[in-house]
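Every chain is named by a letter (A, B, C, D and E) in the order it is written, and numbering of its residues begins at 1.
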Amino acid sequence: MIAAADVTPTWYLLLAAALFAIGCTGVLVRRNPLVMFMCIELMLNAVNLSFVAFSRTYLDIKGQTTVFFVLVVAAAEVVVGLGIVIAILRRRPSANADDIAELKG
Amino acid sequence: MLNVIWLIPLLPLCGFVINVVLGRRLGDPKSGLLAAAMCGAAFIVTLVTYFDLVSRPEEARQHVATVFSWIPVGGLSVDAAFLADPLSITMALFITGIGTLIHLYAVGYMHGDPKFSKFFVYLNLFAFSMLMLVLGENMLVTFLGWEGVGTCSYLLISFWHTRESAATAGKKAFVTNRVGDWGFMIAMFLAFQAVGSLSYSTLNSAAMGGTLVRSTATAITMMLFIGACGKSAQLPLYIWLPDAMEGPTPVSALIHAATMVTAGVYLMVRVNPVIATAFTWAPAVIAIVGAATALFAATVAVAQTDIKKVLAYSTVSQLGFMFLAVGSGAYVAAIFHMVTHAFFKALLFLGSGSVIHGMHHEQDMRRMGALRKLMPITAGTFIIGWLAIAGVPPFAGFWSKDEILLAAWAHPTNPALFKVLWGVGLFTALLTAFYMTRQVIMVFFGQARWEDHSGDHGAHGEFKPHESPAIMLLPLVALSGLSIVGGVLNLPFTDSTKRLFHWLEPLVHFGEIEGHASAGEKWGLAVGTAALCLASMGVAIFVYQRNRAKAVEPQILVDGWRYDRFVSWFMGNPGRQAFEATAWVDRNIVDGAVNGVATGVRRSGAVLRRTQSGFVRNYALLIGGGVVLMLAWFLLRAVGVFG
Amino acid sequence: MIEVIVFIAASLMVIGGALGVVLRSNPVHAALSLVLTLFGVAVHFVSMEAHFLAAVQVIVYAGAIVVLFLFVIMLLGVDKVEDLRTEPMMRQRYLGPLVGVGVLGLVGTAVIVARGRTIVQSVEGLDTVGHDANVKQLARSLFSDYVFAFELTSVLLVIAVVGTVLLARRPNKGLQAAREKAGVNA
Amino acid sequence: MHLLLSPMQQTDRLISPSVNWGSLTPLLVLLGAGLVLLVGAALSARGWAKGLYATLTAAAAVAAGVLQFVLWNSTVHNGPKPLVGEAIVVDGPSLFIGISICAALLLAALVTDNYLRREDIDSPEVYGLYLMAALGGLVMAASNDLIVLFLGLEVLSIALYVLAASHRKRIESQEAGLKYFILGGFSSAFFLYGIALVYGATGTTRLRGPESIKTVLALTVETDKHRALLVVGVALLLVGLAFKVAAVPFHSWTPDVYQGAPTPVTGFMASAAKAAAFGALLRSVVLSMPELRDDWRPAIWVLAILTLVIGSTLAVVQTNVKRMLAYSSISHAGFILVGIEAAAHGGESGDRGIASVLFYLLTYAVLVSGTFAVSTLVGRSGDGAHGLDSYRGLGRQRPVLALTLTVFLLAQAGVPLTSGFVAKFSVITAAADASSYAIAIIAMLAAVIGAFLYLRIIVSMFLEDGDAEGERVSIPFGTGAAIGISVAFTLVVGFFPGWLLELARDAATRLY
Amino acid sequence: MSGSNSFPILTALVLTPAIGAVVVSAVSKRRPDLVKLFALSFSGISAAMSIWLLCTFRSGEAGMQFVSKHAWIKPWGISWNLGVDGISIFLVVLTGLLWPIALLGADAHHDEKPYAAWLLVLQAGVMGSFMSQDLFLFFVFFEIVLVPMYFLIGRWGYEGRVYAATKFFLYTMVGSALMLVGLVTTALLARRDIGYMTFDIHEIAAGSQFAASTGRWLFLAFAIAFAVKVPLFPFHTWLPDAHTQAPTAGSVILAGVMLKLGTYGLLRFNVFLFPEASRYFRPLLLTLAVIGIIYGAIVATVQKDLKRLVAYSSVAHLGFIVLGTFAFTSSAASGSVMQMINHGVSTGALFLMVGMISERRHTREIAQLRGLQKVAPIFAVVFTVVMLSSIGVPGLNGFVGEFLILTGTFLTARWWAVVAAAGVILAALYLLWAYQRVFHGEPDEANQSFRELSVREGLVLLPMLAAIFFCGVYPKAMLDRIEPSVKALLAHVEEQTGYEEPIPVAVPVSEPEHAKDKEHAKDTEHAEETEHKEGE
């Protein structure tokens, strides 16, 4: 067992969990779609943190490689997401998520 | 000749078919005459058969003619087969005989009716059914006839169907009969289960051979009796018969007096070995119901004003006598009374029909009177009928009624009960003499009350009752003759004069209960009864002819002890309500449950729909909630909470 | 010891930034808080000796993505302050954090339960000697085991480009009109 | 356990995995077609001739499909095999689902051509995105690595986000895109987190084959030390996939997105995306983690029942046909989950389950594409006439079209002599074989509830008086062809399902 | 399993109407006159073929005849497996004959082409249902008939047609949903005993050994489906709605043959495949049947709509059939089979005539009708005959079936039979009362112009009347063909459950009786022989 004072991967994992939870909460409570995207980015970062932590635990590079892919995905998502927001703002005065609720039932 | 007994029912059937196809073209009166001819032909065939049978030795007087296998399934094998034996031929004789007369009468009576040929279609169909009933070798063929006559009765009662009351009466007759049919059917099931056959010979020989269990025999007896009650208008199922008078009068005469209503009695006599095997309370019940019906109907007849209603109640009452005989074990007496009753009651009905005909369809006796001068032949024959039914010697009714009373009086096994029943019977006989006298007086004697009401007859400027045509009078005359001499069939003086008894003996010897009465007793009873009947007639004359005393006709008797009214009320109110309630349950509970499921789905859909609020954050929350639950399940399993 | 301090400091950055993203009502502020978090994460990467990733994190995330966010916010003027004090759907306010807490609690429990019970102990290990080793290994992994995935990312980026073109392009009418004009002119 | 580690030779030479290009051809065809289309369109100033994009896309779809048949044949001879360093595999289920996706792509391309013209949208990008999305779907269904699976999922999803939002004139379209995007990103994050945790628990992201999750679990499930992390990871994987297949309670995006998205896209989503997602579910959980089935099978069970019941119940109260069909697709997802549940039992009945899922996916893909093709036509210009009213009088106006829609709807309701019935039957057979009677009965009852909504559409078409407002529904060639193909397939499979059942059975047993 | 006939008549019987439907729907819009011609000729061909089938059917044989079996869906062991035996032959013939009658007897009023096409599709489906010897195939037909019927009710029905059609469709579907699970499970479980997967009912019945509890569950799954279809109380409420709202031809067919799918299914599948469970659930089914008899009659009595009344009468009549099915005596079961036909003829004719009434008067409400007998006496006579047949008057067909059922039931379930017999009273009550209200009395102005039976209508009704009389007078012709199969079925039950059918022993009195017994013994021997063959 590593000494208590040592920073073990578990610490990182817990931090990641917390970050993930905050991001998750953010998606649920925020109304601005851009901020929601940001919160999703927070969640992805939490995942990245976990991957690196596991990679560290196993002394295995795959976890880090995965982070690389996640970064790309995040970038692509943001680009498309912003594109959608822009498209919406062409037609509507606001992009508040709560205002976009025509489809329901 | 016995092999062709199937011809007997076939001939009226042919008449039926011909009239169905060609009736309209033949028209009035040819189709009627054709029908009568067919019936007459059947009578002739029956006669021939009768003589054939007579010519045989006693033990060979039974013949089964199988036409084809009707319903062969599993253990059940029912043939379309006819049985020629003394009982069935006796029945067939008077059915075809009286039937022919009534057919003839009807040709006159129905003259001018737009549905003339249809009437004879029905009448021939009825004759066919009735002959099937009595000639059937097994219960199912009998049942075929049994239902057939019921159907014809329905059709004929509601013959003038545009009249609401006629339509209702027809329906009532059918449905009430059906109640009895239920009993008949159960009896058949019982018989089949017990002896594996519906054939009378099998059943009766099982009863005589002791292979029929006593309780089963009792059950069969009671169930058949229920059937008989329906068909023969016994309490509590008699209610249809008085209403049946809505039908044309020949129908009343043929069906509701002479033939169909006696089918119940015939059936009981047919299975007399079974009755004999049953517990002794079973025949006692039959006797009690018979006596009670006789008395009940007689009391009601006393107060009726409709000429046919009086006769209807009288019929019910007389049928009660027959059942009293059956219950007493005096089967021959029952048949004897049936035959004589057929004679005089047909006569009375036809007479009344003649009166009605002459009175332009007026049936209320209060609007008649003094008709004997205008309708002498009708009056004369009617009076003969009256004397016969009233039990005046030597007319036919006296002999047969006497036999029945004697059997009740001398019943060996249960004297106390049967003495009471004898008393009831005697009293009923007196009442019969009384109300019949009342009727004769009201119709043929006294003052001509119809003149007061002639204005009611609307279009008829001049209203004058007239005598009926010859074709109607001929049967009256013939029947009056039979009513006079009918007694000779079974005179009790010496053993050899008991012709009917000897004729039927092979069939009833197992069931017949011989009473032990001394000759003195017999004479005393006969003379006493006759005297009392005459006295009763005297009282009636005293009341109605001389007007010396006020007629006692309480409303409750007019209403038939309100029994009929009660039944109607019951069917119309609580019964109807119960039916409506069931329909309500069907609509709202049974179907409601089905629709409720649909509504439930729709409602829950509407509720669940609210989760689909359109707000993306809501959706995310739903997903988040799902995530938490999912995580919780898996984690709890991992740490071993769910094993 | 220093590791612990670095961890705590960086974690404070991460959490603080994350809270900032969630709680700051101005989207610009939120974006800037996101930068804080990203930097914190980068620091953690460094302390876990994922140097290359740390660099990419800063360049791609903080450099590109957040700038993109800010650009869109400013360009489209969606920097309206979001009123976080009122909440049209109150249950969202209670249940949202509850979900967060639930996820944290459940995943955290799992992490703690599984603490130190990883399958594999160090055998060959990551080369922690030279910084370039990390890059090398990453590259090796990327172009051997994950070469298919790597190629897929290219598809992903193509989609992102095409998608943005499709979404952000002005409606046809203008285009067509312009073309027609050009045709007339020609 | 060290053998599980990826080799880290300290050599400078990079060992690239060998690439069997032949087996990659279906993917390459799709990718190539997409690139040709996009580049070509960008280079030509005036755009291509009308219908050429669609033709190219359809041709690519057909080619990819045919190539997969060829691969199937080689699989039969040489057995299933992994590709590109075990990133993906070519085996029965992957090819079967791949063919389903190609079929969906073909039908979507045929329908979209006219749609875009009608709606006056000139966009080669749309076809490019279709092709890319199909590519992502193929990868998902064939992936043998969670990372690859994730990337495939993202390729598919991101393309669909854009497609959903691509109708610029319909405000609902953008709303659908945004909702899909936010929720999709949200659930992707969960899925990804799940990958991380599974990786953390097992040290690998490979699914099957040597050094894979399956082998790790087979070796270590007894010791059970890392279960907590692992199962939490699995839970999150399931969440991500359940979102994609639209299982309740992760379904909430479906009705809004299906309704809002351009109708041909909706058809494509309901067919291709669903097939791909179920393929991924099969690969990642069902086939790779059989040792954990006691953990996840009950979850699938509950998901299936919720999906069936809630999907069909909510469908009943809808008045918009696209939305109805969305809920009905949720209900169908429940049905397929029943098959997954049966597949979870492993052994022969498990194979039966897999086969039933595969069969269902293919038939449903064709069925739902056809249904939405009709819906596209009825939607008329502006793609807005989707209320039940819009179908009124179709039976008189366009009897053949109405009749084909009736066939589709009855097939979805599971009326015999249609592919839908055989699909339901095979799922129920699998469930019964696995002794999952309760779920089978619930599924059938939910199908009855679902039948109500199909009947409502039929009522509108045939049984109500009056005609719908708006222009007369026109039937252009491409869409007509798509509908024709779908209806023919639906009926042929309905009457003679034997060959396809055998094919699915074959696929299920020919696993890598 | 005999019946090698070069011409696959059964397949032809299914395909002819199906092809007819295609042909009819291909008729050009410009030639509407051809629709009726084609429809009639195709249904006429199937009618002729069904008669030919009846003529060549070998009476006295228990097994399947005219068998035509071809593999269909091999992976599941499903085959196109058609055959007829005594239980189904008359249903097939009735199906063949009823369609020309329905087509001639009632018009569509609008959209004649799809109407005729749907009718023909329906005929194909019904034919197939009655002939299928494969569970899956049966289910396919059983379910497919819903679609044409749904359209017939929904499109050509009366005011509440959509509700009624939907209810009909969904209610029946609930039942078949359970049945589907049941039949799949049956085949899967039987596979364990047989060794391979098959849906052939004869193979399953011969080879499978279900555990008692399993058999009971499976029985229930089938029984509920059939109970809905029959319909058995309390699953009957779709029927009045469907009947009332359906167009005349729909009602005729629904009552004539489609309800028989339920009773036929109970006999063919439930009793045959799950004899033990059938014995176990016997009291339940008997009770429901008896409740149906009484309840249906009571509710019928107070109906205000003539069609609804007849519909409820169907509930009562079908109760009799179910009663006979679960009495487990050969007479009751034969009676049931016969009663299926009888009810089809009589109630079919009743619906036809009620349809004629509503056609003329545009109302089915009893209160609106009055005195029709006076203005249309022939019509009234025909109605009376049909009504009497429905009431069960001896000499007409209805009686024979009911009597056999009750007699047979009495042997094994005495009290049920006693109560059920009371239903006979009620039958008279509701029909006569309705008859009185509609036909008796003085016609008012609206009814004064009621048209008499036309020649075409008469011709349509004539075969039905002939059947009513013939079956009542000479039921032997039918019973000879029905009984061997029924006996074989009961023998199967006896063999599987150890049950013994009580056969009352006739006490021989006279020699003709005796001779007949011998003949009977021969018959039963024969039946046993064929049974053996089947067993092998």
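Everything below uses one rule, namely that a residue touches a chain if its C-beta (ideal position, glycine included) is under 8 Å from a C-beta of that chain, and two chains touch if they have at least 3 such contacts.
Note that the structure is a prediction, hence the values are computed from the model and not measured.
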item	value
For chain A and chain E, chains touching each	B, D
Centre-most chain [mean C-alpha coordinates]	E
Dominant interface by contact count, named by its two chains	A-C
Chain separated most widely from chain B, comparing mean CA positions	C
Distance from the mean Cα position of chain B to that of chain A, given in whole angstrom	95
Inter-centroid spacing, chain D versus chain C (mean Cα positions, whole Å)	28
Separation of chain A from chain C, taking each centre as the mean of its C-alpha atoms, in whole Å	6
Where chain C and chain E are represented by their mean Cα positions, the distance between them in whole Å	70
Residues of chain D whose C-beta touches two or more other chains	5-6, 8, 147, 151, 154, 158, 161-162, 165, 168, 177-179, 182, 186, 190, 193, 197, 200, 203, 227-228, 230-232, 255-256, 317, 452
Touching two or more other chains - residues of chain B	598, 609, 612, 614-618, 620-621, 624-625, 627, 631, 635, 638-639
Per-residue multi-chain contacts in chain A, two or more chains	13, 20, 23-24, 27-31, 37, 53-54, 57-58, 60-62, 65, 69, 73, 76, 80, 83-85, 87, 95, 97-98, 100-105
Contacting chain pairs - touch in the sense defined above	A-B, A-C, A-D, B-C, B-D, B-E, C-D, D-E
Chain C - residues contacting chain B, complex	89, 91-92, 95-96, 99-100, 102-103, 106-107, 109-110, 113
Touching residues (chain side chain D, partner chain B) in the complex	178-179, 182-183, 186-187, 190, 227-228, 230-232, 234-236, 238-239, 242-243, 249-250, 252-253, 255-256, 294-296, 298-299, 310, 313-317, 449, 452
Residues of chain A defined as touching chain D within the complex	13, 20, 23-24, 27, 33, 36-37, 40, 43-44, 46-47, 50-51, 53-54, 57-58, 60-63, 65-66, 69-70, 73, 76-77, 80-81, 83-85, 87-88, 90-92, 95, 97, 100-105
Partner chain A, residues of chain B touching it in the complex	609, 612-617, 620-621, 624
Chain C-facing residues of chain A, complex	1, 5-15, 17-26, 28-32, 34-35, 37-39, 41-42, 45, 48-49, 52-62, 64-65, 67-69, 71-76, 78-80, 82-87, 89, 94-96, 98
